[in-house]
Structures are given as structure tokens and as C-alpha cells.
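Sharing a structure here in C-alpha cells format.
Order of writing sets the labels: A, B and C. Residues in every chain begin at 1.
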Amino acid sequence: MVETKHLTCICCPMGCQISVDMEDGKVLKITGNTCKRGEIYAAKEVVSPTRVVTTTVKVDGGELPVVSVKTEKDIPKGKIFDVMSVVEEIHVKAPVAIGDVILPDVAGTGVNIVATKNIAKAG
Amino acid sequence: MYDVIIIGAGVTGCSIARELSRYKLRTLVLEKGEDVCTGTSKANSAIVHAGYDAVPGTLKAKLNRLGNEMMGEVADDLDVPFSRIGSFVVCLKNDDPKKLQALYERGLANGIKGLEIITDIDRLHEMEPNLSDDVVSALYAPTAGIICPFLLTIAMAENAYTNGVEFRFNEEVSSVSKEDDGSYVVRTAAGVYNTRTVVNAAGVYADAIHNMVSAKKLHITARKGEYCLLDHTAGGHVKHTIFVLPNEFGKGILVSPTIHGNLLLGPTAVDVDDKEATNTTGAGLTEVNTKCFRGVKNIPTREVITSFAGLRAHEDGDDFVIGEPEDAAGFFDAAGIESPGLTSAPAIGRTLAGEIAEKLKAVKNENFNGRRKGILDPKKLTLEERNELIRKNPAYGTIICRCESVTEGEIIDAITRPLGAKSLDGVKRRVRAGMGRCQGGFCSPRVMDLLKKYRNVPMTDITKSGGKSQIVFGYSKRSEEV
Amino acid sequence: MKNCDLVIIGGGPAGLAAAVSAYDAGIRDILILERDNCLGGILNQCIHNGFGLHTFKEELTGPEYADRFIRQVLERKIEYRLSTMVMDITPDKIVTAMNREDGMFQLKARAVILAMGCRERPRGALNIPGFRPAGIFSAGTAQRLINIEGYMPGREVVILGSGDIGLIMARRMTLEGAKVKVVAEIMPYSGGLKRNIVQCLDDFGIPLKLSHTLVDIRGKERVEGVTIAQVDEHMKPIPGTEEDYSCDTVLLSVGLLPENELSKCAGVALNPVTRGAFVNDRLETSIDGVFACGNVLHVHDLVDYVSEEAASAGRHAAEYITSGEKKSDSAVPVRAVDGVRYTVPTTVDPKLCDEMVTVRFRVGKVFKNSFISVYLDDERIQHRKKQIMAPGEMEQVILPKKTLLARDGLKEITVRIEEA
């Protein structure tokens, strides 16, 4: 039986309303997207959704108490809170630079946590 | 043993405290809030009334006139901004002009100077261009004024404190009892205090305090007044305080500039059972925003930056209750202090302090210094003076509150001076940081940092207004100890 | 008094991009005045990703996006002052500013770019009844507390308003362990971007209640709960629809207001719809040599558009400094009608404008399968179909100079939405 899933594309702020026709877990047809990225997103979102997680990590001896970080690539949506509980425990020492790997392979995702802000040493 | 314990650090209690500090007396002020000026004194019309309103012969009439006369000197001594901008009571097309005349005559009976009924519409509109087109005449009272009720209360408290009065905060009085020797015991959760005399300046709770010692019971009703405060952009909409004549729809909503350049609309008047009910209501705010247009046109109500409600302490006898009850010598009431309580505060203070000093045969405090220097406002300096100040203290070169242009130096002063601010609201009432159009959106994290640093407490102890009003619950990262 | 060719008020995304483009157009004597202690503005606290797709063709977080521009400013050695508050701008472009090191100082600028950004509408501006306890934050204040200062401002949260910052904070607080109970939006549609509704609410099962508002806030000291009610078409609460929520925190995401207090000092004419300056196609305000860009001009949805607009302001300010005010009598008004709330710019001068003029606007309600149309006087010259348009998202049309020039006696340009 063909089942149609409706979703809002999140690849860009356009927010295209995409319809995905599926049968037996397989994608038959994708409509409503206005670019290739939307098609790729929709195909993935209905089967294995992923997200980039952004949060903060405690900094010791920095001019700010926390540094913003992100998962370098998107991770499975179901792993968001696993990532959060790992990241919550980390400390880094200042200075920190954008792109610094704060934690490799977070929560078994194979994806690194990297800094997204420069934090100088306090003082 | 204290000579005097004052219950309540509102404008009345602080005025009495300051006046008592002119004498050699050991005085203690007990306040249930975390700061002075946290009850009725912080949420009212901020008006210094001329005094035509009260029934001749009442304490309200007498103390209003006296208080108004004293206010200029008090404000000057205490470095508190005050301006006699004058007020109008406007009479509209369908109003009864006899009522305006009656008000005028009442004013004369009360000894109010300068009153005038103006029927020349052109002159009225010249004096006040935004008066409603329905206005046909007005009672002009040039001695009416506007003042900052926070700064008046704070200044009185600071001045009392530097002249030797003790203050204890977060101490709610649970009982007052008379001892056999005629002295009193005042209890709070934190302590037991012996005193020769007690002053009851407990605002909406003054009946409860009074009734602890007197069989002649008082009954105070909390009368809620809701207000809207408009941004500086609307501050010049009227130049005087505009009242409308009371009619069948009630007392009417006043429209007034504030001493800090905002526009104030309010109050409503609704009796409430809960004496803590300082919440605004949908109906109240709607009333303010519609009825304000009776006397004044084109009010830019969309420039509203905040709304608030205050509770007036209305006593059943409809007058101030001042002095010793017959059956409780040494216990002095300052109860039922509703409008014109702010105006009357200096006079209530002087009257009661005089009575108490006489009772206690107190001698003058030779070291009393009635002058108090307010927090330096760099906006009043010239460019050169300001630069000199910043060179000496760079904190005056950093703006913390953008909307009201408040510098770090002023905020540090507010926190570190005698009886300094302990909370965001405390800072706000002293230097207006967070009082502007963004209502603390930008500056509150920075003011919190300064409170943390200069009070040397953890961030989780920083509150909006004391008690359980903490602002942050801890750190966002679990690895940090809270 | 010191002279300066170009003073830029604000070192956020708009100010940075304007500085870089003015520099690249040949201006060297530039000074950026920034009130915070670092460049980058509000992007520093917007740690979520999604920035820069248009500008850099990749998804960056706010601080990373800011850093790209900060580096360009540093590479060009453009002068800037941090922790410096501009106190006044006069109509003849004397800028008074203050900081700890220099005290109060004045600069005579040849051109000024206004790039002060915007602020959040506070609770007080909404007349929400109730108590005034601790725990009521504008979403941006909560964002700063969490992302910059590292504090948790609440545990159980109700959010009023579905602006983007509110949506972002719903997710952010959820990730940090808070329980976001509901997002209430008074309008029948969200004010935020679609992707944020999906990623910030749907992902975490946070309900969005459209046509709902706060009718009471309880708690004398700290927030203890709120009441939410459905509203009718006049946005008045419907009795009987009240629902109580217990919470310790209320976040407000109920709109952004351009911060134009300084613009008013300078005498700049403001558009009551955007609350930003009226500008021409060169982004010049009613005062010669005073330009505006970014959220101080009109609130944008995407920072990429801020950068683009600011670059244009920088270029035109440079042109003004080099060649003086361009005078012409050929400017025509741009009218916003039929669902278009406003346009930026509000006038276009076919003789003086760029080869392509970008006109940005927002619609007043949700439109589906409708057309964005541009008329030169009575003739429709553009008619572009859009599947969906919403007030939360900025739209634009591009007007070629040669099309405008080709029409003799052009009186007005009209942008309207035409429903299918």
C-alpha cells in the first residue's frame, strides 16, 4: 500500500512542504521540494532522520564560562540526548579556537564535537 | 531596649525614622521585605497632591497641605528629584461644573494656595495642548507636583541610617505585646525585640499590627490600583497631572508625566480581599487604557513599557489614623495611609516624631545631618566633568542599562552605599537600570554580575526582589558545582 | 573634535558587513563603535546552526558566521572600539560616544551607518495581566544567560510567542534538561521559520498552540504558573477556554523592535510599520549621509540578508563619501499594498540606483499559492508564484534598473500579493 508522508523541509528557511510516497519502507516519489537538497533531505528524513546538535561546554580559565560547540556533522536524531549527557560532563581549558575538536566520536556516533567560538584565556 | 521600633519601611516608616533621628533615640526599623519601599510606596501615582481633595478638618487635609509645603525642602535636603508641575482637574461637557466649584472651595477651606478655575479654553489648551476636546473648564493647582516615590523613600531611609537608625530586613512582625512596665515586645521569626515605643507603619497590614495591642479595632481594606507606564517618547504628552472630575463612572484615571520623563496612566480602584494581590488584571488594564482618554486625547498607549498594581491601605474611617490609641500608650499608629499618603509622609514623620520625642523626653541629636547626597547622575554633568569622573573611576564610562543610560559606576554606588540594593528591583528603584523600554532585557544579566561581585554572593542567590524570587537556578552544565 | 569618514554604529553582522564593503569600495578612515565587549553582536549568543547558507553555502552557527566577518574586518585592519556606547548623533553627523578609556568623545563623521540592531518586545508592552515575579524572561535574555553566562534560568517553561528566538530557546532549554510545556502564539500562524517549528518543537514533542495567549501569570516571588486561553478573531481571550499550566519560567518571544533611539536623535524619519528608517534604494535615510541596514532598519529573518543589505549600505556610504550626495528629481515611491506590509526601500531612483535593486518586504498574513506582483504604474512587470508566504519570512523582488529607466514618466512602483 502506498503511504504518503508530509513533512516540512528544513534544509533552508524556505521550509518547502514535501510529500513522500512510500511503500514497504521504500521511497517511491518525492514532490513539493524546490531543490535537490530537499529531495535528499526528505528521502533521509522519512527513513533515518539526523540533526546537528549545538550546545555549550564548560571552559576552565576562560574569559567566558562556556564555549559553544556543535556536532561536526549531523547525528541520528535518536542520539541527541545521548550526546547531550556526554557533553554535559566535559570541561575544556582555555584558550579554545573555532574548529578545535572538543571531543572525538561523541556517544559512539563517529562524529566529533567541535568548538564554534573562540574563547581567550581569562585575564 | 530600643526607644522606638518602627514596623514598616515604606515612605511613612522611613519618614518617621528620619525625623526620629533628629533626636538621641535608639531606633530600629523592622521591614518584612528585602528592601525599603517594597509595598504601597513603590506602586502609586507618584503625585504630590496640592490638597484640595480631602474633606476639611480631616488629618488627610491637614497633613496633605503640610506635606506639600515641606516637600520642596525635604527633596532638596535629600537630593530627590521633585518638580511642582501643577495639576488640573478637568470638567467635561457633560460634567456638573458645580462639582468643580465645590472642589475649589474645599481647597480654599484647606488653605491651599494658588487655586484657580480656568474657563478660558484657549488658555487651557495653550497650557495643555492635549486636553480632550470635551474639556470645558479646569481647576488648576500650581502647587501640585511629581516626585520619585522610590528615591524619596530610599533617601529618607539612607539619611535615617547614617544618622543612627538601625534597619532589619526580611523580618515580618508576628506579634506585638505590652509588658507590665509599659514597654513593648516585638517578635519576628528572627528575633525578639524590647522597646519603649512602637510605630505602626505597616501599610495594608497596619490594622493587624494595631489590633495586637488595642481593643479599638482598625479595619483596613486593600484597594487595588492598576497603572500603565509609557515610554519616554510619550513623557511630554501632558505637562501637568491631569485628573478628571469624578462622575457616575468613578473617580477617573489620571494622566501624568513622571519625574523621570515617562507618562503614567492610572489608577483603577477595586477593593480586594487578598492583601498580597498586587497582580494586574485584564479588566483593570483595559479600564486604564480606555478611561485615560476622558480628559486627555491622543495618548500613545502603544508606547506602554510596563503595567503594575499597588494596594492602598483604606481604613474604614476614611481618614489617616495617626497617634496613640487610648488603650495603648507608647504605641503610635500611622495607619490608613492611602492617598495623599506620599504627599503627607514628611508631615506624618514630623508630627509623629515630635509626639514620640515628647513622650520619651528625648534630647536633640547634635550630630544630626539632614543632608543626603544621592547617587551621582553623570547625565547632569558637563562633558568635561563627565570625562574627569571617568578618568577617576572608569566604571562611569561603561553603560549597563542602554534604555536609561545607566553606568556601571551608578549601579556599583547603588549596591555599595548604605542600605544598598540587594536585588535587581533594588538596583532598578535606585538608578533605574531595567526601568526603560526593554525592561531589563539587555541589562539584567549584567546587573546580576555586578550584584554577585559587589555583594560577594553566588549567582543563585541573586533575586529579583528578595525571598524566593531567584533568577537562575544554577549552572547549565552538570559538571559545575552549584 | 576628530573627523572620521565613516562611523558605523554597531559591530554586529550589519555593522561588520557594512565596514568590509565600505573598505573594499575604497574608504580607509572607518570606525566601528560597538557597545558590547566583543564584535559579532547577537550572533555570539545564537549558538544554533543554520546561518550562512546563502552567504557561504554552508551551515554555520551564529558565532562562526560572525567570525567570518570579524576576520575580514581584522584582515583589513578596520578600526573598531568595543564597550563603547554611542550616546548621541546630531543631524550634522556629530557622534558622541563613551567608554572607559576614552571617556566621552565626539567625532565629526562624513557618513554614518546605523547598524544598532533590534531589541525584544518586553512583557510590559503586551499588557499581560498578572503578577510580576522573577522568572519572566525575554527569550533573548534567557539565551544569553544559558549560552554566554552558563546559567539555567528555569526548569519548567511556558513560552509565549513563536518567534524564532522563542522556538530556538524551546529546544535549547529542552536540551539542557528543562521541560518546555507549551508554546502559545496569539496569531493563527507562527511568527517563526518553518524549520524551527520542525526542529525545535516537533522533534521534542512540544505543543504549539496557535490563537492562544497568556491571560494570567501567577506567583508573587517566582513564577508558579500561567493561564493560557484561546483568542477570537479580534485576539480577545475566549472565556471558558482557559487552561492552567504550572511552570517556574515564562519566556517571551513576541516580536523584535528596531532600536532607533539614536536615529531619532539624528532626526531620521521613521516608518511606523517597520519602526525603522525610511530609506531610498541606496539605504540612505532622510538625513543626507546617514545610512541604515540590518535589524535597525527592519527586522530580518536571516542574517544572510542582513549581510547583503549591509554590504549595499557600506558601498553606498562609500560612494557618498567619495562623490557627495547624489541629487536627482527622478525618485519614485515604492508602494506596499494588498498584503504587503511594507517595503525597504520606500523610494527608488531609476537614474541613480544600482543595476539591480533588491526590494525586501514582509506579508501581513499567510498566503498560499499566491503571486508576488510588481507594477510600474499600471503595468505588471513581475508576477511570481509562491507556494507559501508567511509574515515570519522576508520576501524580496529584484528590479532591474534598465526596466525602470525604460519607462518614461514612471510615477510609482507597487508591490502587491495577488491571490490565485
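By our rule, contacts are C-beta pairs under 8 Å (C-beta built on N, C-alpha and C of every residue); 3 or more make two chains touch, one makes a residue touch a chain.
The model shown is predicted, which means the values in this text are computed figures rather than measured ones.
Visitor: Kindly work out which chain lies most centrally, taking the average of its C-alpha atoms as its position.
Guide: C
Visitor: More contacting C-beta pairs: B-C or A-C?
Guide: Of A-C and B-C, it is B-C that has more C-beta pairs in contact.
Visitor: Approximately how many whole Å separate the CA-defined centres of chain A and chain B?
Guide: So the centre of chain A lies 53 Å away from the centre of chain B.
Visitor: With chain centres taken as the means of their Cα atoms, state the distance from chain A to chain C in Å.
Guide: Computed from C-alpha means, the inter-chain centre distance equals 26 Å.
Visitor: Taking the mean of the CA coordinates per chain, how far is chain B from chain C in Å?
Guide: Distance between chain centres, rounded to whole Å: 39 Å.
Visitor: For chain C, jot down the residues that touch at least 2 other chains.
Guide: 146, 148-150, 176, in rising order.
Visitor: Among the residues of chain A, pick out those that touch two or more other chains and give their numbers.
Guide: If we look for residues of chain A contacting two or more partner chains, we find 56, 58, 65-66.
Visitor: Residues of chain B touching 2+ other chains?
Guide: Within chain B, the residues that touch at least two other chains are 475-477, 480.
Visitor: With touch defined as at the start, can you tell me which chain A residues reach chain C in the complex?
Guide: Chain A residues touching chain C: 7-17, 32, 51-56, 58, 64-66, 68, 70, 77, 80-81, 84, 98, 116-118.
Visitor: Chain C touches which residues of chain B in the complex?
Guide: Touching chain C from chain B are residues 228-229, 276, 278-282, 284-285, 289, 304-308, 383, 386-387, 390-391, 394-395, 397-399, 402-403, 405, 437-442, 444-445, 449, 459, 463-477, 480.
Visitor: Considering the complex alone, what residue numbers of chain C touch chain A?
Guide: Those in contact with chain A are residues 44, 47-50, 53, 59-64, 67, 146-150, 172, 175-176, 193-195, 197-199, 203, 301-302, 387-388, 393.
Visitor: Applying the document's contact rule, which stretches of chain B touch chain A when the two form their complex?
Guide: 475-480
Visitor: Which residues, counting only chain C, touch chain B once they are in their complex?
Guide: Residues 35, 83, 85, 87, 98-104, 119-120, 122-125, 127, 129-135, 138, 140-141, 144-146, 148-155, 176, 215-218, 220-222, 237, 248, 259, 261 of chain C touch chain B in their complex.
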